[in-house]
Amino acid sequence: MKLFEFQGKRLFKEFGIAVPEGTVFTASQPLLESMAAPKVLKAQVLAGGRGKSGGIKVVRSGVIDQEALNGLFTQIIEDEPVQAVLIEDMANILQEFYLSMTFLGSLATPVLIACPAGGMDIEEVAHNTPEKILRIHLNPLTGPSDYQVRTIAKEFGLKSSKELAHIINQLWKMFRHYEASLVEINPLALTSDGLMALDAKVVLDEKAAFRHTAAYNALLAEQEDILQTGEEVSSTKGDTITYVPLDGTVGLISDGAGTGMLTLDLIKDSGGNAANFCEMGGLTSPEVMYKAMEIVMANLDIKSLLVVLIGGFNRMDDMAEGIIRYRQDHGMRVPMVVRMCGTMEEVGKEMMRQADIPTYEDLIEAVRNAVSLAGGNA
Amino acid sequence: MAILINENTQILIQGITGKSGALQAKVMKQYGTKVVAGVTPGRGGQEVEGVPVYDLVSEAVRAHRIDAAISFVPAVFAKDSCMEIFDVGIKFLVLTTEGITDHDMVDIVAYARTKGARILGPGTAGLISPGKSKAGAHPPRMYTEGRVGVISKSGALSYEVGKNLTEAGIGQSTVLSVGGGPVWGMTQKDVVELFQADPETEIIVLLGEIGGTMEEEAAEYITNHLNKPVVTMIVGRAAPVGKSLGHAGAIIEGNKGTAAAKLELLQKAGARIASSPREIIQIIKEMRGE
Amino acid sequence: MKLFEFQGKRLFKEFGIAVPEGTVFTASQPLLESMAAPKVLKAQVLAGGRGKSGGIKVVRSGVIDQEALNGLFTQIIEDEPVQAVLIEDMANILQEFYLSMTFLGSLATPVLIACPAGGMDIEEVAHNTPEKILRIHLNPLTGPSDYQVRTIAKEFGLKSSKELAHIINQLWKMFRHYEASLVEINPLALTSDGLMALDAKVVLDEKAAFRHTAAYNALLAEQEDILQTGEEVSSTKGDTITYVPLDGTVGLISDGAGTGMLTLDLIKDSGGNAANFCEMGGLTSPEVMYKAMEIVMANLDIKSLLVVLIGGFNRMDDMAEGIIRYRQDHGMRVPMVVRMCGTMEEVGKEMMRQADIPTYEDLIEAVRNAVSLAGGNA
Amino acid sequence: MAILINENTQILIQGITGKSGALQAKVMKQYGTKVVAGVTPGRGGQEVEGVPVYDLVSEAVRAHRIDAAISFVPAVFAKDSCMEIFDVGIKFLVLTTEGITDHDMVDIVAYARTKGARILGPGTAGLISPGKSKAGAHPPRMYTEGRVGVISKSGALSYEVGKNLTEAGIGQSTVLSVGGGPVWGMTQKDVVELFQADPETEIIVLLGEIGGTMEEEAAEYITNHLNKPVVTMIVGRAAPVGKSLGHAGAIIEGNKGTAAAKLELLQKAGARIASSPREIIQIIKEMRGE
């Protein structure tokens, strides 16, 4: 779950990391009193690249009134209409750094990333002068060490590492406590009032929701309040289904990410276009199979449905049950191609036979058939 | 030989009384896997498929020699149950559990390292050494004994390729999936290293996906250390480019992560590139001069 | 620093470990109102074996008045006059367990010790049925695991491990937070109100005082208040000097524990008796040498003083400076035998020569001389 | 050979700009120890006794090959500075610091174990491989090259015995003290194990003290694994019996800890017992048939 900047900053504040004073306004909430400059107006969107898209306005003199705000509320940043704006005090910036914590997945280690040149161009810095980027592995059992902080302080050119140590240690506590996938401060600014987080990018690990129910739900509810006039969130929640809408006409359901992507590739190689990517996970129930069909069939562009099942932990009898029940309840407005094999495949295939749904054994054959039924080339 | 498990490996099932644990206990035993003990707290004294169940792993290791464990414990209890495995000195754990939080997972891997133990997973379908033993979900009939080692990230993809190989008469030494991440125990590189040391494995099939940098790391190892032929297929060539999280993802991945980048590095490393399971078969047949 | 039971229980309470309700009375503080039975009166002494020495009185009926208290205040337990009494509510005990955390020094690991048979006879249980004692190594980087708690709960015969998990986890937090060398609950009682710590033995690591200055000082001040009418504390604080008074006539100072003990053995083997053991540590200043002489010479039984120095990190010039300065300030009322060698020994010996203090090279010769000067056999 | 350090060992001094660190840098260099770098935060760029000083250990290892480190860092900073050593991959640390809290010390040792590193100490006088190298306080003139390995708990006792051996014309392979506890890195058993593997060491002198169970653990190892002659001296025979802390001390130590118990076990293990440094000399001469 990506958080809005203002949500991330609230967590920073909770952990004693300094942020500028600020207030959030939503589109439906008028600015009752005008505010005195200097202020920074920041569009609250979940997309990146906001600064370069004009989503940040600095007002150095005069007052901030409804008109100034409306200038942001009318913006759309990377398909995301601006629904909230954060108005903050302007910091007196002496220097900008980059600081984040995330994971290096294949090394299975938390990593602290730091760069003495923070700000909007950090990715360019990373690309052009990679030696400027410190990647410091953190031991999850012990957290950041003082010497690691001193290493960064030296790179940043800070005389004392004390304030930085506080920020890094508190950021680590927050990263761990909320089970974030990412906490990013860019820029971390050296201001006349000390080190301050001028931006906040926080992503929480949705898998950890069971342990932080109240906190995660509150953050989610707040986001839904803000986004209510915006687009519907396209991904599903609460089960293992991954759904990504695409532009084509072949509806696709698989019981594994790898075979799902392989099928996507094979559809394309066969001259077709997938309407979506929908993967159910490797251990699911008839209900999940049923639900996956609901999700995919809701797309009216679909001309054929391709279901690719190869069961390890998944049982083909369970999958057959989900498919047959869906067809009973809703019928099928497009032809369906099912490839079914693996655990309990005899039982599953027998059920399908009795329900008069043909099954395929070979993946390529199934793909070509589905593409052809959708009017593609194969 | 084969890697990680063979006909002599004595296996403990954590969470054996659950639905998935009990079913796999049955399938694994039928296949010939030496399933010698199961553990579920509060169920000590029961039996599942003729396998004695204990409350504690320490009780199981007092009664049996245990070489490896496979876990079906729910994500909520995963961290504790993994530590229980490593603390008694078991050095290989197949962690099938999905949904373990990333923070728990880095703790688990860090802890395993302190004990010199290996984890396959999380969210892995496990592994099969055909004709010898299996620990996990691989459907037995899709595999046959032989000399091709298969490494996959995704479980289903390792079934798909195994099925194709077997249907084409090409046997396998060991087939395994490392799981979907985002935080892993064993990586593709770690497994390539094991296949390199396994005299029974002649050809390695490396199945990758877009995203992450695991295939790139495997490519580096292949370039510098491997002297066995590799066939690779990276799926997701047709998938839309994903968005990275914040700048950190972009900084870490740099230019890596795309199918093109992975394929380029693997090709430079000397691997042959396939774009479908059928092509994998063709390439292996060519390599064998068939 | 050993804590009184009531101090240990206060720390338990702070960490949410249940203890009986109770009040502490000192000898100088009269019982203003008599209290209703049932109560347990417990002499507060730092020595062990209190229960077997009659330091615990259970009053099952009637009232607790000053007379009952005085019965304890007149006791002396292992040379320690009772200066404080804890009066507690009586718990309804169903079962008694033993639980402690300390270190296994040579394995360098924290260890949790648990036994289903707690109470006064725990050491006998350990001796007669060692298999009943669980010694569970705890990983300092992760603390107790749930499965370790379940292991103990099973041994204790508890149906649920939840309450025990709370106690073990909180005891671990307290052990770590206060940097204790030992936290011991004996008995940990299963009562009709749940699990409860009926006794508390807590020893804090004095080396950690720098990190817990306020807390350690408050506990120490409280102890000094209670012990003020008792004997003077014999060990010194604030430097590396270890001082243990003994019965003999040869005063002994060494700059190492090993050579100090070797010298003690050699004094005895030579027919003498040491008046004390005084060891300064392997890296000390002239001031420490000076202070060690003050401490040892304060014992009027001494007939000779033996100083055994073999410098590694210690510098012999520093040691000579301390000795010479002490003699200038106080004179020497008994003969002094100094064995001096090691780091900077030429300079140190030259200083001693100029101050007209002879030095020895050989340890045995020095020991025999000191014993003979003290009127011993050698 | 010798153990742990020899003429090729390149050593880093942590806390080199302090009083003790600077003095020992000088003495060690004079002895011939290869002191290649020093570290004191904030003092990077300086020199001490011709040794370059760095702010960070990572900077030192970029500029030099470092085989071992010796630390004079105050107790307050010890934990962090030890982790800094282990994180760069240095596998042997002589930790002279006294007064490290027990909790910090168990953390440090646990961390070292995760990195496969050895710690001698805390509160150790260090070690000397006479004629080759020294890391610590051992006064050079008290030692001479030879084939007797000396293990002591206390530093001064290892000087005392070294001095007596040298004066008697008996040379040493390596002399070291493991430090006074109560929580240690390397134990006497660990060192006996190293001497066992060192072809240059012919006879082992084990110097123990009353209290603890370290000598008992060494005795067990000697009984089961050692095939070199051992002379032992346990000091504190005349010391009053200490009080144990709570019941836990008594439970852990059981009947162990007294000089008599230690001597009995060591004698059973085949060690010869000496009650003074002079007797150690006599026994070694006897063993050598002199």
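Note that the chains take the letters A, B, C and D in the order they are written out, and that residue 1 is the start of every chain.
Simple rule for what comes next: a residue touches a chain if its C-beta (ideal position, glycine included) is under 8 Å from a C-beta of that chain, and two chains touch if they have at least 3 such contacts.
Remember, it's a predicted structure, so these values are computed and weren't measured experimentally.
More C-beta pairs in contact connect the chains of C-D than those of the other pair, out of A-D and C-D. Chain centres here are Cα means. That of chain B falls 54 Å from that of chain C.
Taking each chain's centre as the mean of its C-alpha atoms, chain A lies 27 Å from chain B.
Chain contacts: chain C has residues 139, 141-142 touching two or more partner chains. Multi-chain contact residues of chain B, defined as those touching 2 or more other chains: 107, 110-111, 114. Taken as a contact graph, with one node per protein chain and an edge wherever two chains touch, the assembly is complete, since every chain touches every other chain. Residues 141-142 of chain C touch chain A in their complex.
Residue ranges on chain C touching chain B, taken from their complex, read 139, 141-142, 145-147, 150-151, 154.
Interface residues of chain D facing chain A in the complex, by the touch rule stated above, are 41, 55-58, 77, 80-81, 83-84, 87, 107, 111, 114.
In the complex of the two chains, the chain C residues touching chain D come out as 2, 48, 98, 100, 102-106, 108-111, 113, 122-123, 126-127, 130, 133, 135, 139-141, 176, 179, 181-182, 184, 186, 201, 203, 205, 207-208, 210-211, 240, 244, 246, 254-259, 261-262, 264-269, 274, 277, 281-283, 310-313, 315, 341-343, 345, 363-364.
Across the complex, chain C is touched by residues 20, 23-24, 27, 75-76, 96, 98-103, 105-107, 109-111, 114, 123, 125, 136-139, 142, 152-160, 163, 177, 180-185, 187, 189, 207, 209-210, 212-214, 217, 233, 235-240, 243, 245-252, 254, 275-278 of chain D.
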